[in-house]
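Two complexes are shown next, each including subunit A; its partner changes from subunit B in the first to subunit C in the second.
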Partner chain A sequence: MNMMSATECLLQMCDEHLELEDYASGVPRWCTGCGDNAILAAVQRLCRDEGLRPEKTVFVSGIGCSSRFPHYMKTYGFHGIHGRALPIAEGIRMARPDLKVFVNTGDGDCCSIGAAHWIHAIRYNMNITVFLHDNQIYGLTKKQASPTSPIGTRSNTTPRGSYLEALNPLSVTLGVQNVSFVAQAVDWIPEVLFDIVKAAYQHKGLSFVRIVQRCPEWLPTSLDPWLHDPNKVLLLNHENGLQSSAGLSRVYKNQLQHDPANIDRAREIASSTDVVPVGILYRNPEVPCYEDLRRSDTLHTPELTRDGLNAELDKYTVWPREARAA
Partner chain B sequence: MNETTLQKPLKKPRKSNGSVAGKKAAVTLKEHIVEIISDSGEGAQKCGQSLGSIAAQMGNGIWTTEIIPAEIRPPARSVAGASGNRIRIGAGYITNGGDETDLVVAFNEQVLLGRVRAKELKPGCIILLESMWRSHADAKIVASYIETHSRLVAAGYRVYEIPMEQECKTVVADARRGKNMFVLGMLCHIYSLELKLAVDQIVLAFGKKDRSVVDANIRLLEAGHAWAAANLDFCYRIPAQRSTEPQIVVNGNTALALGVMASGMEICAMYPITPATSASHYLSEVFEKVGGIVHQAEDEIAACAFAIGASYAGKCTVTITSGPGYSLKQEAIGLAVMAEIPLVVVNVQRGGPSTGQPTKMEQGDLMTAIFGSHGDAPKVVMAPGTIEECFYSIITARKIAETFNMVVVVLTDAGLATSQQPFPRPTFNESWLAPPVDQSPVPPGARPYDWDENTGLARRFIPGQPGGMHALTGLAHDRDSHVAYDAEINEQTLRFRSLKLAALQKTLKAPRVFGDAKGDLLVIGWGSTKGAIEEAVEAMRAEGQKVSSLHLQFLQPLPPGIKEILQGFGKLMTIENNWSDQPEDRIIDENNRRYSSLAILLRSRYLLDIDCWSEVRGQPIKPSTIRRVMQRKLKQEGIQP
Partner chain C sequence: MEANTQAHVAFFLTGRRPSEHLDAVDGLDLWPALFAGYRDLTRLRYDFPLLLVGKRSDHLMVQSLSGLIDAALADATRGGDGERIRKHVLRLEQEIRTLVAAGAVGSFSALWDRAAGELGASADQGIEDSLRRTSAAIKKVDGDLADCDAALPARLLQHAWAAVQRQKAEQFREHVSRLVLKLSDILKADHERSEAGRSAKHLKAAVGTGFVEAFDFDAMSRMLSTALPKDEFPEPRRRRIGQLLDVLRAQQFFPTPALATKKTGAAKSYSFVFDNCAEALAAFRKRLPKLIELAKAIAIAELEIDGQYSEAKHDALFEQFGANGLDPQDLTPFPDYLVCVNAGRMQAAEHAQLMEILSSGLPIKILLQIDDILEEAPDGEGNLNSGMRSRQTANMAIGLNEVYVLQSSSSNLYRFRERMLRGLNYRGPALFSIFSGASGTASGLPPYLVSAAAMESRVFPAFTYDPSAGPNWASRFHLEANPQVDLDWPIRGFAYEDEQHQRVSEDLAFTLVDFVASDRRYARHLARVPRQKWNGSMIPVDESLTRERKGLPDKVPSLLMVDAGNVLQKVIVDERLIREARRCREMWHSLQELGGVHNSHAERLVARERKAWEERMQQEAEVLAAALPLSPPAAAAVASLEPEPERSPDEAYIETARCSTCDECTQINKQMFAYDNNKQAYIADINAGTYAQLVEAAESCQVSVIHPGKPRNPKEPGLEELLKRAEPFR
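Up next is the complex of A and B:
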């Protein structure tokens, strides 16, 4: 084996170092001002900072504006069917624990048509990072109320205002057994969005990040009260969670010390209606991952299959009398 | 019979015609169909399975069928609650469950009534009936028993009342738990089977438990054997042919599961559904020993999506389901077709539509299998016709799925799922397994969907392959997997996906005709009706009729050579276990008659006048029924007077 010189070694490291554009593919077709753009920027930065190998990374999505995400990443991507991103991602993860798996899903995709999978994905707690792009409206199908639309939202299917209270994705997630990571970000504070995306990626287990995002096309003003009043954002700080920078603290003064280990407090914070909590609500690295529980260390070799099959066939074999005697 | 026994009448069978029980020499039979039925949980199924295994070891041909009530705990002594096993034992190779039953052992008269009403018993059939109900504390039960008994006798059945409970109590305290082994002992005597083989079965079944359990069961077995020898006035022998090679005795679902293991697949994703689930039960038991995983998903859609995810990541995966679950998977199946992800889907068909008849047999899903999912979604459809084919078809399905990047649907049914038939023990072959996951760098310039102009085939890029990164999508897409909205690309890619079926079709062999290649009538079937159709054809041919049959394992694509075969016969008809309109119905005519599934396919493919006959009785079609259908057809067509 040839020894590399220090220079060669350095050159190779430079070669392997990937820049933001190495993770970018195509020009996003999202609307100007759409929160999806902010999420894409944060995730591409994560990939660069963490040095993710593009060929070992898979972004899985369902259907909707958010679910175009994989097309804009130069990694492997799986743009699936409406609501089913999570079980597809689980299959990938179970078959290939060497791959980094991300899910991009929307409020219709995750909280409506895919709601069953959402609950169970939290239970399985597989090592997958889930971004819920929550703009509180169906965008791609042109403005229908979604489960997270605030009551009274006027849409094409609710022209006189939506009838039901909005579903709270944080409370739902925090109510499921085996939950291991829940955070909330908003698209208009990119610094915290990135910190949360990074913390979610670094968590082992299913990290669920709800990103409150604007829809400039269908609900252009619905988030204005929160955008215009920094005090309606509640930043969650803790030595075991995120720490707000000095610059951020000057604008967002409404802050709370919250230990992400405290699930009861997390549930209370999640239920806030007057403020948008931003930060890590809950984190428990001790919850076992389903793939670790299920995958054996045994290598799937031809010999193993042969021996296992023959052992089973032995149980059901009727031997000829002569062979039995012998 | 002597004085002593006459004083203890309940120890002797009360045979209805008053004849005296006594020892007889064994009568030689070509075959016999035996049923053991009881309330759920009384062990009739275990007894029947053991009888089948013993007969198979003796060298007899067997076909066993489970009799399953739809409910877990139907009320005791209920007509709908019959649980048990039906065993056809023959001197030669047995390919199906046969016609009506020759001998039935019933633990109470109510479960027996269910079988009588279903017309499952041969006229004059021997009935061995537990007699404890005649002296039961509840007067209603006694009355019901006496009434049923006398009606059965009046109907001409040979009813033997047998004090099973009482006899078992001389051996064990709780007779309800061991009656099945007493019955097994009786049957070993009746069919001149070696008792030693039955003892082996008990050791195999209870060997892990307390030695006292094994001993108690052996004592019950011996008691039943001795009792039958002393008290029954008949005894049979079905000559056996010693097989020279080891045979496997499993049901269709176990064969499927063994096939999954043998195919090298590593993941099975499923959701519980009758009658498919027992395949996953068995797989859950054994799959991990070879590094496999059974994932019970939160629903059928998730099971299919999970399988697609795992397949996409390089490990071709199977999802096993039944009718309603198969319907739920349709959108996901369409995704696998569109994105060209290999996938094996097993549909163990049951009675439909909707919840239908979950435990009953039907071949109702052929059209859904071929045309299911919206848009043009070409997929491969196979249907095993025997238990052995259940095993091998999974291996073939995995290979086709990975070679052509296609969805392969394997259609079995409740009949195959719960029937046992011995087949030669498979010898493991490394070529059954999938190659290791390709992780080699993709050559510069290679594209994720570089379809071949002639075959539509394209190499698939698997995550982990450097340079192969692309966003796979269920949207129409071009060679770079970019979303395509233009007409040109959409039409081209539909063409490529369709061409793959033609490419597969070119590799298939023409099916073989059973019987002569030319004749008056050809019967065409698919799936589990194979044995019954061929038995009926053989019997008709023995009578000098010019009939043959053709059984199709590939339904999509249809293999080459079929048209040439069809042209060799005067008349053509399919025989199927699904719905077709009856020409006898007053408003049914040629302009509105709905044909059976396979008949529709063949008529449209070959432009030939192919008739059909079908029934949907929730059970296998009997060979005698098929014979009657063929005879009637020959008569109608003026071929036979």
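Up next is the complex of A and C:
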């Protein structure tokens, strides 16, 4: 029964329908075979399908291969400084609530130098869609181990192999108060990647999507066991989450019914090491957004300012006796 | 036939009362027997009086006195002296109810204090303490108290309407203020960039006096003149925004705070409450151009603020804005009109205008108050009018499909408060057909009892029809507020003491006859049977209605009534009233069908399906009995996955849906491999490259979705080796 009124139709009549190319800007400089290309294609498709207006959309990034993302989107973009994509995005969200805000950050950018901002951004739960491009290496600076590099990764900073267990961005995120949306995608299953990107965008609150992606230049084979064995991918299905298509189910038979409302189960799944869980791990639309809590409903009209000033100044007025009595 | 019975039958058939066998009921002040316990309503706890709470827009805008007291007592009586507090507060409640029934008006808090005075609270410390401890909780809400009387329908509906309009006004004011602020900001920004805005004088004024010496405003002005972009703000846009601001600021549909508080010289806001349909219609039509102008200004302002207004596209579109009127959704943000009319005073022309409003889809809410639902027939002989126009208006409005219809007795309005709000919030016309029970023709019955009896007897059933609730009758029509909705007449237990002082209990149906019996105008249709002449030929009215008369009746319908001393009397009824009761029951049956109770279509369908099912079961049983080999269980019915397109291993193809857009193949040959509109690869032209390129692409594909098939050119060099490399991807 939710019909649009004639005036609403009129307002939308002249809206332009944009194609995928209308969101594309320049030729990406990423290496051939890089997983960033798949993420870019999925996000451009999202913009087209959701009819996002370029002048009302902003992509914010930090530093790294992934952070070149805003350059390739014909929308507003902010290529920020290392690790600071999230606070910039939060500022934009607070000042311009009419904009759709996306963040593209890498495993080094988010989980190392930007880790403090990451934790607090989750807690603030502002309505932002965050894509963590996790290729498990610093690629732009030519191969240094990142916090998510698997133990034993040989790199320019760890020539004998990295010494520490990799940080798990999913379980970290799921451990922070006010977390409201956590999902994991892999760049080599574009259908699910797109579905997750879409679900993340449609969630109100901070949607955190970790995208496991290949780096064909510096870690060309590290993901091969998962890439070439469909049984090492665990698809998460649920009536309140994603539902795998028949075609996908033929290839990826390892599936699990998981209710995204169950955070304890989500934490268990996030800790899996033998398989890569793909799907929505956790979603709670009830968590309040910081901007909604803080934004004043009062319209800041000149009259309001004047009345406020008058009220303050009146505190120092020496009233005639009769006026005070009145 | 025995003489008494003969006299009863004669009265039943002709309405003529032989004086030696039957008594007239005029002047006996009889009430239906079921009302025996309701002589003094002030001693009973029920929904009334109601508290009309100010500044609430939800269902709590009206609360019942008893409900409020109960809530307060639940908190205040937790301690050891709880029982004492309860006793005192309930006495106070009764006192307030008595005051209101006697015509006292005023706010709840004022009547609380007055009732406390009547109880002697100041002299009795116990009472004073009880009331003090309860009043803190209870006086958090305040408003006027309203009893169930002739004024209630209009008073309550106006109160609810005002609450809805207040909410609308707040939303509207906020919306318009936001638009005005944003449009003003656009003009202000334009001014700041203009020559005047960059002048040294303006810059100086902007900084204020505190730091005036710290700046060289001439230099600043020169700098800004060269640094700021030169693109001019188009004059038509500036003019358009100015006009929008004028329209938004001058609107008269909602009072602006400035108007409300400072009484500026601006035009006064419109009134939306009327006491006749003609004036409401005329006002709506007169104000329509202004309404369209305002709605158009709001729409254009939204586009302007968004930077989306394009003269080339939108000028032509908005030129004809509202030429076909505004649809109900467009009208939603604006105030609804409220018309309160009394059915008793309406002439035919007023009825026609009422139907015109209802059928036109205008946002006009109409209260049709009915004080008398037992109108006399124009023959002047004390007969009931069968037309019952005022009762039928609601049914007719339902037939229009797009009208929200609420029919209820006053006594039920408190229970219908949320539905009333829903009707007032409905986009489009709404009809509230309310029976007040205040005709003054009932034998001393208070309006509350009369209106409750009308609903109980099915004479004025309560229902709502909400077109916005769904596409079908099941979701739109609700009848369940009526008592024992699945029965023809509600059945109530009745107990009395007989001549031997023994308790006798029986079930009584409350019918139209019980309702009419207390109306003085129809006394001639009833006759009291003296106790010594009571006999077995007198049967209850509901039983009589189920009997089909064939030939001379041997039973006559009767009902139990009580006189002023609560002594039980039996009254027989003539056939005229029984005919009316039958007609009333038929109308109730129609409503039941609409409400899904005893729906004849559904019952017929169920019977047909049941028969078909039974036949099917029978056939299956016969098949089983024939001991045929069992067919395999529904294995074949297992849902098969959608078939995968058959691909020949010789064919070259890409599993496009699995492509991860990694650019590997397109880097090898852009003509042969291309991206589709989802930016996923497919083979655009197989002849645009070599088999070697196909194999190379398959090998470099990160997700192994390229299948090179068989070579097309048998003469391509190195085929033998290429075929070996292609083997894993076939």
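Note that the second predicted complex is superposed on the first by the 293 of 326 C-alpha atoms of A that agree within 3 Å, B and C clash if a C-alpha of one lies under 4 Å from a C-alpha of the other, contacts with A are read in each partner's own complex, and residues count from 1 in each chain.
What we mean here is this: a residue touches a chain if its C-beta (ideal position, glycine included) is under 8 Å from a C-beta of that chain, and two chains touch if they have at least 3 such contacts.
None of the values given here were measured: they were computed from a predicted structure.
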item: Of subunit B and subunit C, the chain that contacts the larger number of subunit A residues; value: B
item: Partner chain in contact with A:7 - subunit B first, subunit C second, else both or neither; value: second
item: Touching partner for A:299 - first (subunit B), second (subunit C), both, neither; value: both
item: Partner chain in contact with A:20 - subunit B first, subunit C second, else both or neither; value: second
item: Contacts of A:214 with subunit B and subunit C, given as first, second, both or neither; value: second
item: First, second, both or neither for A:32, with subunit B first and subunit C second; value: second
item: Subunit B versus subunit C as contact partner of A:40, first or second or both or neither; value: second
item: Where subunit A meets both subunit C and subunit B, residue numbers; value: 55, 299-301
item: Of subunit A, residues touching subunit C in the complex; value: 1, 3-8, 10-11, 13-14, 19-20, 32-35, 37-38, 40-41, 44-45, 55, 187-191, 214, 216, 227-228, 246-247, 249-251, 299-301
item: Subunit A residues within the subunit B interface of the complex; value: 25-26, 54-56, 58-60, 70-71, 73-81, 84, 86-96, 98-99, 116-117, 119-120, 294-296, 298-302, 304-313, 316-323
item: Touching residues (chain side subunit B, partner subunit A) in the complex; value: 53, 56-57, 59, 242-250, 254, 258, 261-262, 264, 266-267, 269, 286, 288-293, 295, 297-299, 301-303, 305-315, 317, 331-332, 334-335, 422, 425-426, 428, 430, 433, 437, 463-475, 482-483
item: Of subunit C, residues touching subunit A in the complex; value: 174, 177-178, 180-181, 295, 299, 302-303, 307-308, 310, 313-314, 317-318, 321, 326-327, 329-330, 332, 468, 470, 641-642, 644, 657-664, 667, 677-680, 700, 702-704
